[in-house]
Each structure stands twice: as structure tokens, then as C-alpha cells.
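For reference, the structure is listed below as C-alpha cells.
Going in written order, the chains are labelled A, B, C and D, and every chain counts its residues from 1.
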Amino acid sequence: MNMSVDIAGVVMKNPVTVASGTFGSGMEYSDFVDLSALGAVTTKGVANIPWQGNPTPRIAETPSGMMNAVGLQNPGIDTFLERDLPFLKGYDTKIIVNVCGKSEDDYVDVVEKLADSPADLLEINVSCPNVKEGGIAFGQNPDALFEITKKVKKAAKQPIIMKLSPNVTDITEMARAAEAGGADALSLINTLTGMKIDIYKRRFAVANKTGGVSGPAIRPIAVRMVYQVAKAVKLPIIGMGGIASAEDAIEFIMAGATAVSVGTANFRNPSVTLDVIKGIEEFMKAQGINDISEIRGCVD
Amino acid sequence: MNMSVDIAGVVMKNPVTVASGTFGSGMEYSDFVDLSALGAVTTKGVANIPWQGNPTPRIAETPSGMMNAVGLQNPGIDTFLERDLPFLKGYDTKIIVNVCGKSEDDYVDVVEKLADSPADLLEINVSCPNVKEGGIAFGQNPDALFEITKKVKKAAKQPIIMKLSPNVTDITEMARAAEAGGADALSLINTLTGMKIDIYKRRFAVANKTGGVSGPAIRPIAVRMVYQVAKAVKLPIIGMGGIASAEDAIEFIMAGATAVSVGTANFRNPSVTLDVIKGIEEFMKAQGINDISEIRGCVD
Amino acid sequence: MTKDKVKAVVVSKECLMDDIFSLTIKVGENISKAVPGQFIDLYSNDKSRMLPRPISICDVDSEKEEMRIVFRTVGAGTSEFSTYEKGDTVEIVGPLGNGYDIKDADKDKVHVLLGGGIGIPPMLYLAKKLNEAGVPKDNIKTVIGFRDKNTFLVEDLEKYSQVFITSDNGEIGIKGNVIDGLREYNIKPDVIYACGPTPMLKGISAYAAENSVTAYISLEERMACGIGACLACVCKSSDVDGHSKVKNKRICKDGPVFLSEEVEL
Amino acid sequence: MTKDKVKAVVVSKECLMDDIFSLTIKVGENISKAVPGQFIDLYSNDKSRMLPRPISICDVDSEKEEMRIVFRTVGAGTSEFSTYEKGDTVEIVGPLGNGYDIKDADKDKVHVLLGGGIGIPPMLYLAKKLNEAGVPKDNIKTVIGFRDKNTFLVEDLEKYSQVFITSDNGEIGIKGNVIDGLREYNIKPDVIYACGPTPMLKGISAYAAENSVTAYISLEERMACGIGACLACVCKSSDVDGHSKVKNKRICKDGPVFLSEEVEL
């Protein structure tokens, strides 16, 4: 039985990774999860310099989901290279480094510094709804997305994964722009922009006013977008959005994803990734599936 | 204490109506709810001729929500005028007729036939994700939306409410197009396009492949859009998307909605609208609010 | 405003076999007036599940104002229901839909009740009501189909009817489905009441047409409102429907029981 | 892989006053090694609620491997917890965070425990542990603030400490907050351990600075992961933090207990 998958030449032992920002660099979760069991660890977005992030409260709970406006607090690439990557190198898993920036140069800067690092894949976050500059500005405009993809691709030594925003009219247009710009893979979806109001305090529930909605609530939207994008482009897709069980993960694979990321569900169960991997294996056994690729995009 | 609100000159005794398509024309729900208690009844989309709708299964449950692809089955405007409107006329409530069509002419046809009917307001559904022609085609393109709004406005005797789709990059652009086209009010949001796969049957959960996601799951996205639109245009807004309690309704009003619609929540509790109205009243009392308009858009 | 969602208290819970459970709940007077073939909507206590689960009425004790339902655990909702214990509460709406028409039940005619799998439970209340309406036990013939030797509700049904068993693997009764049962047990129905999986109902519709027998069949479809408003649960009907004039009957409101010739499966 | 989410069984539930509940749960050996000031994450059994609820450890019986928590019902999660009865199960992760530092507890020093409202519960386990560490009851002075005459945990605290009460409306004890209490009861702390609402903690930080007293304060913020990975729960710190180098300490991991001068409220 073969559970391994290939994302732009990088072979993951199984299709399960974690969604950027929900798992840190894996250090804290390594108390709960043997990181070597994961297909890959995807790290929290890292910028060229340390970022402060947004004021608190940064999160709020929503029905079957949550909203966050952490605002990409991170230690910057130098600390990351010194501390986080060496830590991850100690595990038998692939490393996907999520990169954020405020300008094209920021992204290029980080990507260049990662050139000789143990990072296997670079995931370019052009879809964070929680920062004013950069981020989403690239993620909602196909021309800007094409341009930044081209620039980053040129600078990157590792294959690049462009991470798409769901806050668009036509996700396939964005996917095609990234493909045309030279992306090696796509990941989707990032969070949907939402808002929550505390009616007793007459105040926004998160300090940033809006936040990104994640969790099972958004899963049907994510599955739809993965399906559409899988039909529109040839690139491998890392699917995510509300995956909390093996069934959910398989749903994304059947919609056309090559790999999947578990995000918000880690907060409900810190070792959920292990359950997801085990569940996929059991499903394959029960259904007589020899290679996970047999069910990829099997629904038409 | 004043709970009444004014939508384009039509005064509703309270801000609560039902979301089109979740309440029929009120007949079936009149066993559970005194329709005269509602600020308005919003009817299921009606076209110029009877529509068959989509094949079954038409719905699926999703985390804290559901997906539907009913596909606007309806008896056509003639039966509607003969049967549904006279029924509703028997209640002391406002009547909002939701109109659907496949072409501009279809919409105009229905709107003209409603000219001398007891309908108080016409809600133009240009955002149904579940029909191939019409619907969403107008709802995702600001130019098309502007054009159809203008045409319908010209034909309509009653004030018109344009119902917006959330499946867009920038909802304010759509709102402004509708305003420029002459809309008297806006309602939002319609459903978010989603997909669910039955992994054991390797089949889509609804026959139409995609469906519209509704219910509490989408509330944060709906609140965000209502807030954005309230800042962008001067039109009154009927807010909806996952309202299941008085608190939820008040959240929309604080985000800037004048009135609110309860949709999917009717399926979980057929008399939920009465609870919502009572709860708003109690909240106003407890908080010393004399007029519901005091809290409209109170969060900045 | 004659109806409402009510909180029903669980009187008892029983596991009839592997994944088949029986719940008896205390319901109001109103609900205990249900007729056979009607169903109730059960609401999950978990807020992540918005839609009600339609479950057929298996039996009613109108004096005690208790209702019995029997269900198979297939997903999250029915799994939740299977954990309920005496004293727990569950919200329900009902009775809903149109049941089997037994107004003209003729005591001299052969009433044949066909139940397949989880379509068996409504047959119990139907058999009881036919019996109460004066049809002798000998003229109420219940043919029920199981997967294998694991059976349920047989003794209950024997109180009001003659019971004939079939099973898919032949471990018990006739090997085959309920129509095989009709033939093998040499039963000649004057009227058929059926509930079960769609292939079975298709077979019964064909049998009824061939043999010119009146057959009532109970259909299933996913439901949202459960009361006829949302148009989620339609089936194809032979004639134009009253609601939308498009040959789409609503299973929750116009059914779930239809005359076999009324609908196209 | 030394930690895991575990299913804890409810041993007892008690309502201490209106909206304050006490739950005793049977936890594993691991968890019963908790130190005062640490917390656990409780997960809702309702699937619509994804995030854990952090609740302070109020007491631990390490022999019975039982833990006590005391909480106020403020929203859906705590309301759910308040319905739990003996035998029910609840999933938890913990102990989490860094508690109060009592390694160097000096039996001759005056240890002052300040608890406001729902900040009182962690003071019980702290008083017990200080007492067990050899600090005599007379040198453990607990000043606790209530809204009115409705109090809770007073008797429990009296087992290990001298208890002084304040109330917002003066119905019981000194009228005012716990700092008013310090003054009025003429207590001179050598070291302060505090938990309560932010304005109270601000007051304590100022008091500690003015009087050059060491003060440990326990902070609150909304949490997602609860283990330091998601950066939801940060507070402003005086120095650059170890994790992100931006003066944002993580309350769940670096706290919830901080030295008052470490953080900016």
C-alpha cells in the first residue's frame, strides 16, 4: 500500500502536513505528535525581519470554526534559520517553509536566505487577510499574483507553492495566474475574511476588526475550490480548510488534492494529525486502494 | 420602545423577516409561527414560468450549516399571484417577493406582473449559485449587475432590493453597482458556493455537484460583508447568513443592517423567528435602547 | 400555530441488534395521535448539526403518550441518538407527513405489509392499527426482509400479524427479498403497504402494476424543513404536483407514503 | 510525545453560588503532578465549539489522581461544563503553562495571595502547596475580593491560610478591592501571588513597584492551541520574548504567571 505523494519532486511519506500558522515550527506539538510521522511540517509564515503581529484579542470562536487575526507575528528569517530549521532537521519529515512579506522584495529576500537551508518546499503566502500591506493585495489580483510568482520563482532554489486566497470571485483565474508565473504547486485555501461583534460590549471580537475564518465551517467552500482548481491547472495541490478527520482529508484528495494540511483541528485535538494519517491508511485497506493516487480526483 | 424599521419607505413592525427559499410562502410555517408577528415574509424565488429545479439529492448537511442546490423550483408567477399572495394578504405583515430569472426579460416579466399585487417589496435574486443561466452570472459582474438593476428598477412599481452574492472578491464593488443602477435596498448574503463528497460512494453529496452553503457556519463572512457594504453605500440593508438567535440578529444590525432574515435556522427550529423577535425586544429593554436604529451600525 | 417543537423525554433505550436501536419517548398528546407511516423529526443536541433527522413512527401508546422509534446508526445524528438514556431529552417535531391510508381497510381483504431492513419499523404500528380497525390477524401478512439471521421486531409484529421472513443470505426464512417472499410463501395481496430501500420499492411498484394490486410505498429523501416549505425532498411524480406544478412531489408533505403509480422511482 | 489529550471522568459537580461551579475530575497520574497557577484546557463535547477553554487548577488530590476546577458560567462552553454530572466524561489537556514559583518559599516571609472573583480558585492550590512547603498558616495571607456577600471557597482557603475578605459593595469584609484590603487589614507582603481581572492586576503591579515587593500575576487571554504554537494569546512584555523576539510573550506557554515587571498591562 503506497501512501506517499510527490509535490514538485519532493516525496512526502504520506499526504498529511499541517496548515501554516497552526503548528508553529512543530516544537510545541512535538510533545503530542512524533513529527517524523507527518508527510511534512509546514511552518508558520516567516518574514525577512521579526514582525510584531496584531494587538489582542487576536482570535474568536465561530460556529464550527474560528477567526484569527494574529497578523503574522514571527521572529524573522535569521532566528528561523538558526533555531527552527535545525530543530526540524532532526525529524524524518519534509519541511515546507511558509513565507510572508509586505513587498515583492521582502519575499525575495526570505526566499534567497532559504536557498541553502534544509527547507524542501517554499509556500508563498500571498493570501493573509490580516495584514494591511502585501499579503492579500497579491492574492486577489491575478496580474499581481503572476508577477510575484515570477519574481519569487526566479529567486527560489526550492520548488515554490503559491498559497491562494478564497476571497475571490474566481479561484481558477488565480490558479492559472500562479501557474503561468511558474508556480510548482498550489496550496488552498487560506482563511475567508470574516467579522464578529460582541453585542454586549458593542465592539469587534478581534482587535483587528476582521479576521480569517478557518475550521470545519469553511470545508465545503475549500473542497469546491480545490475541485475547481484541480480541473483548471496541472499543478499538484495541497488542499486545506477545515480538515479534522481522515474522512475530511480523503474528501480533499477525491476532489483533486495531492496532499492535505490540517490546521484549526490541531487546536481541538493536538494529536489529530496522527488520527488523520491512521484513518487514511485504514480507509485504503478497507476499500482495497493500493496507491493513494488511485482516488485522487476520482469524483467527476 | 420602537422596533419598527423602514426599508425604502416600507415600514416593517420589527426588523425580522425570513430568508427566501427557506420558508416557502409561509403557508407551511403558519402552523408554527403567527405570520403577523413577523416584520415581513420573504417568499421563495418566483420566475415567469414554473421551474423544475435540480435533481435530488438537493441538500447535504455541513458543519454548522448546510448546502443546497434546490435550483429554484417554483410554480411560476401566475400560480404565485393566484394562490400565494392572497394567502399572505391575510396576515398583518409586509410581503417581500423574491424574483428569479434566466434572462433580463424574465426578471422584467415577473416584476411587471407583480405591479398591481399586494407585494410590498421585490427582492431580485441575482446570486443563486445553483442555476446555470441567469442568477449568479449577474451577481458576479458589476456591469451586468448595474444593467439588470436599471432594467428591473424601470419596470418595477415597488421598491427593489438587489440580493448580492458573497462569491466575489469585493462585495462593495457589487453594492455600488446596484446602487448606481437604482436599487432601493440591498440584501446580503446569498449562499457561498460549496461542495461535499461522499467518500464511500465516491460521489457528490448533492446531484448538482456544487451547492450553496448557508447557516451559522457562514455568519462571520456575512457580518463582514454587511459591515463593508454599510460603509460603502447609503442604501438600507437586509442582512442574513446564519442568523439563529436574537444575538445573531443584533450582530448584523450593529454591523449596519436595517433588517435581518432568518433562513437555515428555521430548519432547526420552525418557530425560531418568534424567539429572535422576542430576544431583540428583551435585549433592547435590558440595554435601555428606545429605538432599534440607535444600535444600527454602532460598531466602527 | 397549532404545532411546535417539543422536548421529549426518553423513557427507555434498547439495542435490538448491532446497529439497530429502539427508543421510547414520552411525547405530548398531540403527537400521540399519529397515524402509521407518518414520521417525526429529531433534532441533534449537538449544535454543529443543523438539520433534523426524519424517523418513522414504529409504535404509539396513546394512553401513556409514548412513542417508539427504531433506527439504524448510519451517521453522526443516529449515533448520537443511540447514546441517549432514560431521562435524557430530545427535541422533536411531528407527527409529519401523510401515512398509510387505512380508512377503507376491508377485513376480508389480504393486507400485505412489506418491510425491508430499516423499513420494517413503521410496519409494526401499521399492523397494530389494521388489527384495531378490525382486520383479523390472518389477513394481515407481514413479509420482512433482513440481511442475515439477525432479526428485530419479529415478536412485536407477530402480535398483530402473520409474519414471514426473508434474508439476503438465506440464513433465516426464504433466501431473497420480500417479493421472493411473496412468491415463495404464496401470498396473494389485495393491498400492499411497503417501506424499504428504493430497489425493493421499484420491484413492488412493478409487481403492483403487473398484478393490478393497490400498493402504498413510503419514500425517503434528505430533508431540511420536513414540512413542505424548502423543496429539498422532492420525488418525480406522474402528475403535476399541487405545489409547484412541475411533477415534483414533496416527500415530507405529500408523502412519505404514496400510491405506487403516483411516483416514478 | 509525552503529552496527550485525555478523557477525564467527572467525580462530582457542585454549584458554589449562582453561576460558580466546582467540578472534580479523575485525571491521570501525569496531570496530578500539576503546580499551582497552571491550567488545563477543557474541550467542549459539542462539535460546533472548536476551541478549548482554559481553566485554572483549583486543587489536586494526587493520591486519588483527582483535580478540582472552579469556574463561572459566562458563555456556551462553561455553561456546558456546568451541566456535567458524575460519570460524564470531558476531554482535557494539561497541566499547561508555568505556575507560581514557590521553589524558594521562605517560611519566615509573608506570602500574600490576592484573588479577585473567578481569580480566586488557583489560590487554593497555591495556599495548600505553600503550606505543604513549610510556610506556616500565619504567613500565608489570602485576600479575596467578591462582588457582594455571596462568597465561595472561603472555608477551603482557611484550611491553609489566613483569609481576609473584601467586597465591591461592602456587604461582607472590607468595602473595596483586594488592594484596599491589603491596606485596611494592614498586611505587609514580602511576596505577592495574584490572579484576577486586569484592573486589579494593574493595581497590584503598581503596588509592587512602589513597595519593591516581588509580585507574581496570572494573566488571561483568548487561546487556541494552549501550548505556545499559534501566537493567539500574547501579552506585551518588557523585554524581547524568546519566541518571536518582538516583546510579545505567550500567556499559555511563557505564563500564565509572570513577574509583574515582566509584562505591560
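The criterion applied here is as follows: a residue touches a chain if its C-beta (ideal position, glycine included) is under 8 Å from a C-beta of that chain, and two chains touch if they have at least 3 such contacts.
By chain, UniProt protein names: A, B = Dihydroorotate dehydrogenase; C, D = Dihydroorotate dehydrogenase B (NAD(+)), electron transfer subunit.
In this text the structure is predicted, and so the values were computed from the model without any measurement.
*Asks:* Using the contact definition stated above, find the chains touching both subunit B and subunit C.
*Replies:* Output, common partners of subunit B and subunit C: A, D.
*Asks:* Measuring centre to centre, with centres taken as mean CA positions, what chain is farthest from subunit A?
*Replies:* C
*Asks:* Taking each chain's centre as its mean C-alpha position, how far apart are subunit A and subunit C in Å?
*Replies:* 47
*Asks:* For subunit A and subunit B, what's the span in angstrom between their mean Cα positions?
*Replies:* 34
*Asks:* Compute the distance, rounded to whole Å, between the mean C-alpha positions of subunit C and subunit D.
*Replies:* Once rounded, the distance between the two centres reads 55 Å.
*Asks:* Counting only residues that touch at least two other chains, what does the list for subunit C look like?
*Replies:* 47-49
*Asks:* Can you list the subunit B residues in contact with two or more other chains?
*Replies:* Subunit B, residues with two or more chain partners: 63-65, 215-216.
*Asks:* Name the graph shape formed by the protein chains and their touching pairs; answer line, ring, star, complete or other.
*Replies:* complete
*Asks:* What residues on subunit C touch subunit B, complex-wise?
*Replies:* Subunit C reaches subunit B through residues 1-5, 43, 47-52, 93, 221-235, 243-248, 253.
*Asks:* Touching subunit B in the complex: which residues of subunit A?
*Replies:* Touch list, subunit A to subunit B: 62-65, 67, 140, 167-170, 192-197, 199, 202-204, 210-211, 213, 215-221, 223-224, 227, 242, 247, 250-251, 254-255, 283, 295, 298-299.
*Asks:* For a test of understanding, state which residues of subunit A touch subunit C in their complex under the given definition.
*Replies:* Against subunit C, the touching part of subunit A is residues 63-64, 216.
*Asks:* Enumerate the contact residues on subunit C facing subunit D in the complex.
*Replies:* 45-49
*Asks:* Would you tell me which residues of subunit C are touching subunit A in their complex?
*Replies:* 47-48
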